[in-house]
Structures are given as C-alpha cells and as structure tokens.
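Both complexes below contain subunit A, partnered by subunit B and then by subunit C.
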Partner chain A sequence: MSAMDGLAGVREKRSSRRSGPNGMDRRAYGFLLLAVLLSFWELSSRAGWIVSAYWPPVSHIFAAAIAQLAGGEILLALASTLRRAAIGYIAASVAGIVLGIVLARNRVLRYGLLPLIEIVRPMPTPAVIPPLILFLGVDDALKIFIVALASFFPIFSNTFTGVAAIDDTLIQTARTFRTSTVRLLARVVFPATLPAIAAGLRTATSLCLVVAVLSEMIAGSSGIGYYLVETQYAMRPDLMYAAVLYLAATGYALNRIFLALEARMVPWMGRS
Partner chain B sequence: MSQRLGFDRVTKVFEGSGNDADFVAFDDITLEAAPSEFLAVVGPSGCGKSTLLRMAAGLTDPTRGKVVLDGKPVREPPPGVIYLFQQYAKSLFAWRTVIDNVMFPVEGAPRARRGELRAQCRDYLRQVGLDGFEDKYPWQLSGGMQQRVAIARALAADPQVLLLDEPFSAVDALTRMELQTLMLQLWERRKFTAILVTHDVEEAIFLADRVAVLGARPTSLKEVIDVGLPRPRDQLTTREDPRFLKLRHHITASLLARNDGHVASA
Partner chain C sequence: MRKALVWLGLAMMGLVALPAAPAPAADLEKVRISIIPIGDVAPLFAAVQNGYFREVGLEIDTTPSAGGAAGIPGLVGGSFDIAYGNVVSALLAAQQGLDVKVIAAGTNVTDPKLDATGIFAKSDSGIKSGKDLEGKSIAVNTRNNVIWLYARAWVKATGGDPERVTFKEVPFPQMEDALRQSRVDAAFMVPPFSIVAAQKGGLSKVGMPYSDVQPGVDVGQYITTGKLLAARPDTVKKFVAALRKGIEWYNANLTNEALLTLISGYTKADVALLKLAPVPTAPVRSDISQIRKTMQLMIESKLLPAPLDLDKIVDPLAR
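This part shows the complex of A and B:
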C-alpha cells in the first residue's frame, strides 16, 4: 500500500473506534475550518494587515474564477493539461502493470531489468526535463513522457510487490488445475494483484496532474501550468490564484472519481 | 489392480541455506493407494506430510525416488490430480463469486459447452449443500462454507485422485464432522482415489480404508494399518465401535512412540 491512499482510511478508522461526530457533522467541521481560513484571508487583505498587490481579497479571486469560466480560456487550459496527464497516465498504467507482473513472475527478466529501474526511480522527475528537451523538444511528447515516467513508478512498485505478496496457495491451486502460464497471469495473478494495483494507480492519479502542470511551467505554451506562469508574469494574482483553485478542484474530483471506480472494480479489497 | 498413485522409495531433502544443515523431510518412503481407495497418512506435525502430497500433485519433486501415477512418473501437475488445501480462504479466488470459483477448472472448455458446464457446477454446489449461494463472494461465507466451495471446485475438475491436505483442521469441531461425512458421500459417489494427510487420528480412521503412520524425523513409514470398519460410516456409531477405539489406541500409541502404555526407553 502506498502512503497516498491513507487519508480517507485513517478518518474512517478513527470514527469507527471513537464515538465522535457522525459523517455529516465531520464534513461540516471541515468546511467550517475552511470558511474561517477564507474569511481570515478576506479580512487580512481588506483590513490591510497584508499590504501587497499579490494578496487580493479572496472574493476577488472567486470573481476572477467565474469570469475565467465565462471566457472559456481556463477550461481550454485545463483540458489540454488533463489530456497530457491522461495519455501519460494510461501509458504508465499499461507499462507499470505489465512490467510489474512480468518482472515479479520471471526471474531472468527481474535480474536483468530491476537494477535499471532502481537506478532511474530515485531521480527527481523535474531533473530530467532539461536533458529530455534536447531529445523530445518542448511539445506534447516531452510532457506526456514526463507524466508517464513519474506515474510509472508507483504503479510498477505496487504491482510488483503486490504480485510478490500473493499467497503461494493461490498459485498452486491454479497450477493443480493445469492452468497455462498466460491464463495464470491473466486470470489469477492479475486479479489477485488488483487491490495493490489500485493503490499504485491512485498515487499516480494525483502525481500525473502535478507533473503535467510542472512540465507546462518549465516548457510550456498551453495548459494550466503555462497559464499560471503567464498570469504571474502579467501581475494578475487574482487570475493566478483562481487557476490554482480550479486545479485543486480538479485534483479533488479526480480522486473522488477514482475512489468510486475502485469501490466498483475491487469490491473484495481488504476482504480476503 | 494397477496402482493409482504410488510413492516409490521417495526421499525429500530440503537444502539448507548458509550455515543451516540440509533437512531431510522424509526418507525412503514407499506407499501406494489403489484406485478408489481412501488412504490416510497420519504423522506428527512438521513431519513433511504436506510435502508428500505436494509431490503427488507435481508441485515439488522428490530428491530421490519417484511418484508414480498409473505407471507414469509425476513431474508436473498431472490431469485429474486435485489438491484440497487446508487454507481454503487462501485457495479460493476472492474476486470471483462462488459459482465462478467452481467454474475455474472448466473454463478452458469451448464456449458452446459453457451453459452445460455451468449447470453442472451448480449441481456440484448443490451436492456440497451450497444451494442458493452461487452469487456470493467467498469472504461473505463462513469457513466451513468456504471449504465446501473448494470441494465443489475440486469436483468440477473431475478428480481421479483427490489430495486432502488437512482440509478440515481449520474449522470448528461440529463443522469438521459435517465436512467429513460430506467427503465420504462424495467419495462413495464419485469413486476417486483419496489421499488424506492429517494429524487427527480419529479423522484418519473414520474416513480411510487404510492408515499409514509416519514416524518422527527424519520421517519414515512406521506401519500401514487396515481399518476394516464397515461403510457407510456414521459419526456416532462408527466412532463408538470397539474396533474404532482399538485402532485409535494403537495408532495414537504408535505416534506417541509408546508400546501400549509403557514409555519407550529411547
């Protein structure tokens, strides 16, 4: 399991152990804190506690966000970021799941490829952007590649350790039914690893958006990352913050969608 | 009669790693089960009983000697030899419903036969008393019911030899008796060869035609005892039969390395 999927789980566990506020109340508390912080922001700007052109009242930011929506520009930027993130994510998922399963099950390939993967993994993704620009240019190919590279590792690692953790009894059961290797991988190993794969996919879900934005900030001509840098140069903090707001909402929505899909795809998670 | 499954002078040595010495699991065991025979193997825990079954299933190779199935040496999992694990929960496919678990062994069949096979699998579930649980998931069932699913799945694979690796030791005492009776009914109906490995002497006598007693490490075959109790067997009357009690006494004493009440000097 990765560290990223813990937040919701921790909250659930606590609530079941203690007799605390129920679901609705809990959510209300969270939003209350959010409202207090936002009011504090609004106040700090309007009352002049922080005097800065880069600290507009939060109400201005919301107004800017709505105006952006009307212009359509922000949605286009968001769409192009999401497109890159999605392509990279899907490529990383296929590669990560296939390699994770194959390497965990095949000793020769494992000995051959694992050292390479272990060397590349600790490299911070942004560090490889400048050298990669030389080969892939500054267009989509670069950004999609970077997204795929960053998303690959959590998916691969979770799949790999997930396969290794399958109980031998399960594999031997399939073997005594004379299951072919291909069928064993597709019908036993893959589904048995799905909970671990889902954990990796979830980590990659938030990561792919982060990296897509980052790559657009470094080498961009479109997308939310580029928009952020552009509005910063243009001294339009209200537009900049509003874009961040949209990004946060997108990240939140992606995670919710993922959780809903996970609950449908892996209903036995944590049950066996 | 030709032997269905035989161990021919089988020795298994687990190689020690590093400073650990090699570990002889068992030494020079010769034993065979006739077709349709119910053979039980009892021995102290850790004597390598399961390894014996794993070799019969082609999951591991003997170090010396060979396992022979109908005259042919066993190298990889042979068709018709089905293994029932003690850890039913780990042996069932958690992502599949009960009926889909049972379908697993026959899924390689042509699509046209799917419906017919599905009906057959439903019948196996009925035979193990799981009528109406087809669409549940294994984790929604009790331990005893999960093992019933595993048994139905074994039936679906059309077993010629059924290897039972302490399959009833992880359920409560009452459920264990129910499963034993169920296993006997199925065995009498299907006439497969059954080899049961257990540390439960009463279970061995209750189920088997013959009981092979293994000694302590390095494990060798101490004796093979004909049970000779009438069938069908009954959880009450069979277990109260004086011959049953005599066999239990004899085998237990043998396992405890005693000679009918006297502590062995060794």
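This part shows the complex of A and C:
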C-alpha cells in the first residue's frame, strides 16, 4: 500500500539529509522551483493571462494570510478542524490497532469480522456522508465518525499484516516460556508490530486532516472546510487560498511532529 | 528545527483544547435553523439583529450549509428545527414521504427589474434562446433542483427541447470560468456571480428563467416537520411572527447601507460587491398558486409522478 511507499520515501529523505554537504543544495533547488512557480502565478494574474475572479495574484494571498492571523478567525477554524481530526484519529488508532492484532491472532473473529471490514473499506468517504447525516446529524458526531472511519483502514490493515509477518521464532520462543496470551500480545506481538503500526498511523495522519476538511465542506458551519466553501461563495479567493496555505502548513507540521515522535518512541523502526 | 516544530505542534494541540461554546442566553427557547449564507435569508438575520426573536422568547441558532445540502436531511434527522430551502427540495422531500411543512415564505421573484439571476452565454456565441441550445450544454449548480427545473422550463419556453440540452453540474462560483473557457455553452447564474460576470464583458444575459417562465415564483421557504409543528406549535408561531417583523424591516430598508452591512456580516462578501446587485423585496406570505405552478413544472420534468396535496404541505401559518 501507499503507506509503505511513503515510509520508504522517508527513509530515503532522512538518509539523504545526513549524507554529505550536497543535501542543503538539493533543498535550495526545491525552494527555487517553488519561487519560480509562485512568480509565474503572480505574473499570470497581474498580466491578465488568466482572467478569472478565482485567480488572484499570489501577493494578495500572502497579504490575506497575514490579515487573517490578526483576525484570529482562521486559527479558530483550524483549531476546530484539528480537534475533530484528532478525536477521530485517536478513536481510529485504538480500534485499528486492537482489531488488527486481535483479528490477526484469532481465527474465529477473523472469519466473522474480516468480510464486513473488507466490504466497508472501498467505500469512498464522501459517498457515505449524506446518508450518515440522517443518523448522526451535521455536527461533530458526523465529522468525527467519518474521520475515524477513514483513518481506521490504513491503521488496521498495516497492523493486521504486520502481525502476520512476525517471525514465528519470536512467538514460539515466548510459548516455550509459557507466556500467557495477553502477555504475549502486549510484550511480544505489539512491540514487534510497532513499525507496521507506525506506518499505518502515519498514513492516517494525513488522511484524517483531509477527511475532516472534506466533511466540513459538505455539512456544518465551522472549521477550515466550511471556511473554504464560505469564502468561495463570498467571492473572496484571496482568503480561500490563504486558508489553503495554512492547511498545507498544518499538514506539513503534523507530518514532522509524527516523524519526531516516531524517532523517539519506535527507535527500532526499520531494524526489525 | 525539529524541536521547534514539536513545540509548534504542542501549541496547536493547546488551541484544540480551547472551549468553543458561547455563553448561553438565559430563559430563551433555542431554535436551530439551517440556512444558506446568501442574500435570501437577510430578513431572518435582520430579525435576529433587531431582537425580534428575543422579544418573543426565542434564541436563534443558525447553521449555514453552503449548498443547502444538509438542510432537509438534517431537519428530518433532528439536527435542525427549521430549514431554509427551495421549493423544489421541499416538494421532493414531501414526495418521498417525508413529513415536511412550509411555515413561512422566504424569497420570490416578482419584479424582473430586480431579478439578477439569468442564463448567460458568450456574447459571440450567437445563443439567444433555448432553441439555440439544442445539442449544447447549460451549467446548473445541481441537477434535479430548482435551478435545473427553471433552466429546463426556460429552454422549453423559448422554443427548445430540454431533452436535447445537456445539463452539467458546475458550482455557482465556477460557472463564469467554465463559460469563458467554453466548457459549457450557457450557465444559469445567480447573484453575486451573475453580476460580476456581466460586468467584465464578453458574456451576455440571454434570459431570466424565473421572470420569463413564471413571474412571481416562490423560490425559497422556511420548512419544518409536521412532528415539530405538532409538538411545539407556539414556538413555530412565535418564529413566524418574529420573522415577519424581520421581513417588514428588510422591505423598508432595501436601499439602506445597514442592510448591506448585515448581509456582508454573515456572507463574508464585500459591501462593495453587494452594492452591485439590486436587493429584491421579500414576500410576507407564501403564494400557494405559485407553488402549484412549480409543482406542474416538476411533473412535466418528471421530478414528480403525480400532484401532491399542497394544502397539507403548506401550513396555514405560511399563507
């Protein structure tokens, strides 16, 4: 899955940063490309190559981004989106990890639950929002549920396959010492699966933010998703793009935080 | 660098923990309303701002939903007590067996001079009527809704066959771009987008579906459920009375700068932008004969299989 690709990418990035003096130069190239694209945007808008109310010059967007900070509204919107994303993410993490381990180790439960999970998994999240409004309303319950639903699958499947891939010697060794099942799961299976779990959690980290924003765009009245739709209908594309900018920065920051935590808490990552 | 980012993250989590609840008002009955943040609901906000709801003991809690998509499902699911929505959605909901009741009028189109909606086409496209659009495409915000219905009716009224026109879903904010880039041949636009599009040149208004097809059409209404109406009849009565005061204030202040500031407040649109569009009057009562005409159009477009009992759907309160 993409989780694994992403993980490979991280390792490559980490090692490239450590590797030698060229790393800094390569980063500078990246920023250069960004700067060229942005000036191209600015030019296309100012010179009238693209005539649209939804193509403001980049400089207007940056100005709007600074003005937004002063108003504080954008931070409140961001906070309510992050709050929903966080609650849904935590719920999905607990459910995904527990079910992943239990289902991988217990055949009866696996046969009972796996078909249901496999059927729900491919459903596109936006498609289930309208019927869910009927049961969960349009407020937090709906959005948190959707975030949890979307975040659950990468966490669950990574955990599930992670458990299945554990070296049997580990388990047999523990068995030899007559370790109880609970202890076996907590002290052997869980730590051995942690790298796989971390991969799933990381995929879910970016996903939970995306889905939280998406759910706010369809229903409700707060959060960044709603703000994006609202400013679009108010013909304020500068505010809209500025909000997108904050969203991108948030996603980036979340990813960095995750990597920092991962390095600290799963030091044997990639070494199992 | 990494440490700084961790701190940034922790600071964000701190923000997450901020309490979001505003202080509750004492002794007021709360009424939850789903709205669309457009000019249509200005009388409601006028009534809130002028304290008309407070006077009758109600506290209005509005939940905007940009497309209005959450309105009726949220109403039926119990998230809202009242929803502002268009006539077609209400009749479709009734057709599906949902217990919806129209309790107050919202918007209608009586004066063509104040009708800023319209079908737009590129000025050099030669499109003038529905006949010219056969084999071509019209942008509507959603299929099977009020915009789609009246775009079809307009095509028919101007000599075209709606079945031979392709209706493409394009959100209102993107219609002008779609039209200029020739992704569609025409678009049914509403203010402020129609006003801004017309100003820049290159596009022409070729028709006004509401005014051309059905002058006086009741476009929007406030809707509740029969269950809520039976359980809290006094609340609904108070709501309608206070809303009517809001409508009266609105109609008396159509050219008042204060009204535009009010609209700007809940739509985030600039007052300068709002000044470009004429502000239409708002109806005090729903016109059941107009709703009946809309129902006929819906039957012709196969949105409804048979007439509905409008006397049951439009509550006497609204009339």
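Keep in mind that, in the parts below, the second predicted complex is superposed on the first by the 254 of 272 C-alpha atoms of A that agree within 3 Å, B and C clash if a C-alpha of one lies under 4 Å from a C-alpha of the other, contacts with A are read in each partner's own complex, and residues count from 1 in each chain.
By our rule, a residue touches a chain if its C-beta (ideal position, glycine included) is under 8 Å from a C-beta of that chain, and two chains touch if they have at least 3 such contacts.
Note that the coordinates shown come from a computational prediction; the quantities given were computed from them, not determined experimentally.
In the superposition on chain A, A:178 makes contact with subunit B only, while subunit C stays out of contact range.
Residue by residue along subunit A, subunit B and subunit C are tallied for touches, and C comes out ahead. By the touch criterion defined above, A:218 lies against subunit C but remains apart from subunit B after alignment on the C-alpha atoms of chain A.
Of the two partner chains placed by the overlay, neither subunit B nor subunit C lies in contact with A:112. After overlaying the two complexes on the shared chain, residue contacts for A:30 are found with neither subunit B nor subunit C.
Within the superposed three-chain model, A:230 lies in touch with subunit C and out of touch with subunit B [touch as defined at top].
Once the two complexes are overlaid on the shared chain, A:188 sits against subunit B while remaining clear of subunit C. Common to the subunit B-facing and subunit C-facing surfaces of subunit A is no residue whatsoever. Put simply, subunit A touches subunit B in their complex at residues 167, 169-170, 172-178, 183, 187-188, 191-192, 194, 266-268, 271-272. Of all the residues in subunit C, the ones that touch subunit A in their complex are 2, 5-6, 8-9, 12-13, 15-16, 18, 20, 34, 37-38, 62-67, 69-70, 73-74, 76-80, 171-174, 176-177, 180, 192-193, 196, 200, 267-270, 273.
The touching residues of subunit B, when paired with subunit A in their complex, are 54, 57-59, 77, 79, 81-83, 85, 87, 89-91, 93-96, 104-105, 107-108, 137-139, 157.
The touching residues of subunit A, when paired with subunit C in their complex, are 51-54, 75-76, 78-80, 82-83, 86, 130, 133-139, 217-222, 226, 229-236, 239, 250, 253-254, 256-257, 260-261.
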